[in-house]
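What follows is a set of structures to go through.
Heads up, the next two complexes both have chain A, just with different partners, chain B and then chain C.
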Partner chain A sequence: MGVEALALHGLSIRLGGAQILHDVTLNVPAGSFTCLLGPSGCGKTTLLRSIAGFAPPASGDIRLGARSIADLPPEKRGTAMVFQSYALWPHMTVAGNLTYPLKLRGIVRAERDARAEALLDILGLSGFGARKVGSLSGGQRQRVALGRALIIDPPILLLDEPLSNLDAAIRRNLRGELRRLQQRLGITTIMVTHDQEEALAMADTIVLMRAGRVVQVAAPQDLYARPADLDAGRFLGVDNMLAGRPDDPVAAATLGFRSMDARIHATAPQDALVRHGTVLDCAYTGGGYHLQLQSGAEVISAVSGVPVTPGSQVCVAVPTASLMAFGADQMLLPNGSPPIAETVQ
Partner chain B sequence: MLPGLLLIAPALLAIALLYVVPLARSVIFAFVDEGGGLTTAHLRTAVELYGRDVVFTVLVALASLILISVVSIAIAGYLTLGATPWAVTALRWLYRWPLFIPFIVAGQTARSFLARNGLMNGLLIDSGLMDPAMAQSLLDWRGLVLTFAWKQVPFVTLLLAGAMASIDRSTIEAARNMGAGRFRCLIEIVLPQVRGTLLVGLILSLVTIMSVLSVPMMIIAGNPTMMTSMMAHRVTYYGDYAVANALGLFSYLITAVAAYAYLRMTLTQHTEGAR
Partner chain C sequence: MALATLARRGAANLLPAVMIGLCAFVVFGPLTNLFLWAFAEKWFFPARYPTEYGFDFWQRVFRPRAGAWTSLFNSVWIALATVGLSMALAVPAGYALARLMLPARAFIMLIFLLPQAFPSLPIFVNIAHMFYGLGLNGTYTGVVLVHSLPGLVYAVWIATAAFGAVDRTMEEAARNLGAGPMRTFRDITLPQAFPGLVAASIFVFLDSIDEFTGTFFVGTPDISTLPILMFNASMGGNYQIASITALILLVPSIGFMLVIERFLKADVLSRIGR
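Then we have the complex of A and B:
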């Protein structure tokens, strides 16, 4: 099967009497790497499961390439899913796990074994074919699960938090490895994650979800610079949200910025948001210092290259280009100066 | 040391008095003649008179176990993988009923159901599915197999459905995602993960089948019949405990083979788990 695009139209899902997904519409271009990003419980896994056929839609359509797959049972869909728990078959060996999908497709034994052997090489698991899956480490299991999904040459790959059960170091390695493998195979991939850093590092397109709805679909840089609303901003690490004032360089109900963009200045600079405040706390963070300032009723997080004594009065400034302007309805205002974002919904 | 010994003493004593002593006694008496000397005469008499019954018993037990496996796997599999919620719920309620019916009642019911002019043939003839001339009694080995299965299927299903419900559900979903239909999923993914439980259910069923007296007494009139029936006959009509004990020895042997298979399997599972 070739690489195919995926389209969701007005997909709604109810489980156990509760509406889990509300009217989700999404286009995933063929060959792209798309991340579903959102806090736990927002419906990412459910969305992935509905594509694979494990959560029947209450309404809406799912199309893979030209055909609708919404009414097909899971085994007829041809999607390949890697489960969060890996879901390896404990009664089979590593090679058995890899070849079972081929056996289901009626491929003869000799070819099955040859393909498993080749895949084990690609996955860096040569010689592990005869091992029981119970004897593998987390990272090795993850690779076997990925190999099992890829061996059928699927039109689309679905990954449910594939890296979240691994140690930080292995995770960073596998992140790059997974991305390179995806690019080499050119396979349409949808990956679920609740880790914004992971999504930003890996995706072509990020789908930001909240409470069963798609909030924003954007490239990583655009999402990072221009989150669609206050909540999206907070989720993406915009940790300062200040009420706008008439003399601010950008007119907005709320101005958002990240603490790393807020710096201490001796005199107020031009073309910047400026606030004055008292230092509450100064903590060393490795490369520099992290400050908490009391400015009127608001607390501002900022950074500084040098330590500042708590209690001292300082001037903090944020370049206009780093500001995000939100309206009274909490939505991002369209006239910002950062890169033009394609904001959906 | 001593507190531990005191704690297990009651259990040990109960096993010794209620299980080991009678077992040893009957094994010994199968080989002792009136004078107190050793003999294999009882064993030879048992084989001579009841060899056919021993073979019959083994075959009936095997046939019953096969039927029990097939039906329990089908029911437990449907309870685990079934896609029609109301049918799954209905089946969950229905399948346990025979558990609460005593063997003697089951035997009696089977007798009136399976006889030549019993309820089953009556229904088949009335509904036009069977020619009255074709009607035959199933009160032979088939009646035994059907009754044993009917009585033991709920028990094995109960064990099996519990085990199936506790396997990692995502292993089933992964198989379906990779293209396995429900049936292949049941046979190739679910069943291998619960085969230990199935084996336990079958071994316990075998022991039950080997020890139930009422069902063969109710269902089979002539020869050959189950060993339990013959042992009871030997004791009640002839007061011949020695030959009855010799027959009992065959029962022990058959169940011992099953127990060995079971122990060997759990042992390999333990060593695998430890690795």
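Then we have the complex of A and C:
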């Protein structure tokens, strides 16, 4: 069918009186890997299900390539979805699951079997064809579910938290495997996840969602360095949010930074955000120490290579490059706003 | 010390043993009696056990003109037709009740239970009265309809549970990969609900094989089933024939127990009435 781009225009969805999606507009380029990222209940799964045809839109349009698919029933859309629970059919064998979509398309048995065989090879499941689905491990089921979706050579692949039911170690392996497979096939892929690490590691583009709206669409590096607002920052692991002061190197209502960028210094360095505080707690985290500091009314998380006695007074500094400046409206301030320290002095 | 422990353990084992023995007696006592009667040639009052055993009455029961064969075939055909009718209604009804978010779902389920909630006698008397008007009395159709009344309760409730136990995402996966709604139902939903539907059919079949009151009011004297034959024999004091008929009725019950163990999954049973 070939790879196709996906476009959503002003998509709104209501379920049982509640507005799940508000006016979502999104362009997914052909062959890209896009992650829908957000906390649970943000509407990311509903968005994916609406693309597959399981959540009828109240308004808006869904276009796959040149054609609108918003009014088509699920079976006519040609999207291939991998469900979070995998949704393999337990009354069929592994090969039966893989070949069912081909059977629906009227492909003869010999070719069905040959294609299933080839796919099982690609998935590293050779010889599993005659097995019952129930006898497979979680990772194997996940591969079969993926294979069943890919066997129809779909224009777009939809993944609903495909790795969330797996052990951490298997998950990390499959992440890379899935990404390589996607790149090799060049298939347009949309994956739903609540795991920011997974999204950062796999996606070309991350769509950050909150409360049924798209908050930010950005490449992983941009999203990580420049979250659109305070909540987005918090969701992406910006664990320090301090009220800005006039003598800070960046002018902002709120300054955000990650604790791994905040280090203890003997003397205050240049070109950095500096705060003084009392050490509340010092915990060993393997590679170093994680500190909690009381600085005025605020608590700061920081890291240190050496242990620090709780109760001692320290100076913590964050390089200006690691700071995120948010305005009074909680939105990220545009880059290059003049550091207030220079203009005041 | 050791003796006291043993005694205590003995007492602890004794109670369950006695309880199991009592249950066994309650269940198997009447069955044993039935069994004895079925093979008793002569058994008169003061004798504790039959004085003569034999197959004389079995021959009498299965004599061509005794009506046992006719009753047996009647019973089986009526039961099969009842299963057919009940399941034909219960499969779509059960699917709708399990899948579609019908507003008054609990209420509809309750309505199906209503015929069981009232004493059956007044209901059957009224049905017989209605059927007279419709010319259905003494017809197979009439008897099948009467048997379907309690049959539908089992069929709809169990079918609803069976369809409810099918994971909806499996249906969605089939739709997603190109199967239309009917194809999905046939290829995905139905095979997975099948054990539950088999169980429902068996319940309906057994209920129908066993049904007496409705058949008595609607079917007799034109249509005789095994329970009717048994009733007539017992009323005539012919315990041998009644017992033999009862034993024949046991055959489907035992078959049922064997099948249900194979087919009915615990997760289907646990969803009944949900």
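By definition in this document, the second predicted complex is superposed on the first by the 335 of 345 C-alpha atoms of A that agree within 3 Å, B and C clash if a C-alpha of one lies under 4 Å from a C-alpha of the other, contacts with A are read in each partner's own complex, and residues count from 1 in each chain.
Keep this in mind: contacts are C-beta pairs under 8 Å (C-beta built on N, C-alpha and C of every residue); 3 or more make two chains touch, one makes a residue touch a chain.
Nothing here was measured: the structure is a model prediction, and the numbers come from that model.
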Superposition on chain A - do chain B and chain C clash or fit: clash
Partner chain in contact with A:75 - chain B first, chain C second, else both or neither: both
Intersection of chain A interface sets (partners chain B, chain C): 52-54, 73-75, 77-81, 83, 85, 87-91, 100-101, 104-105, 148-149, 152
Parts of chain C lying in touch with chain A, wherever the complex brings them together: 167, 169-170, 172-181, 183, 187-188, 191-192
Residue ranges of chain B in contact with chain A within the complex: 168, 170-171, 173-181, 184, 188-189, 192-193, 272, 275
Interfacial residue positions of chain A with respect to chain B in the complex: 52-54, 73-81, 83, 85, 87-91, 100-101, 104-105, 132, 134-135, 148-149, 152
Parts of chain A lying in touch with chain C, wherever the complex brings them together: 52-54, 73-75, 77-81, 83-85, 87-91, 100-101, 104-105, 148-149, 152
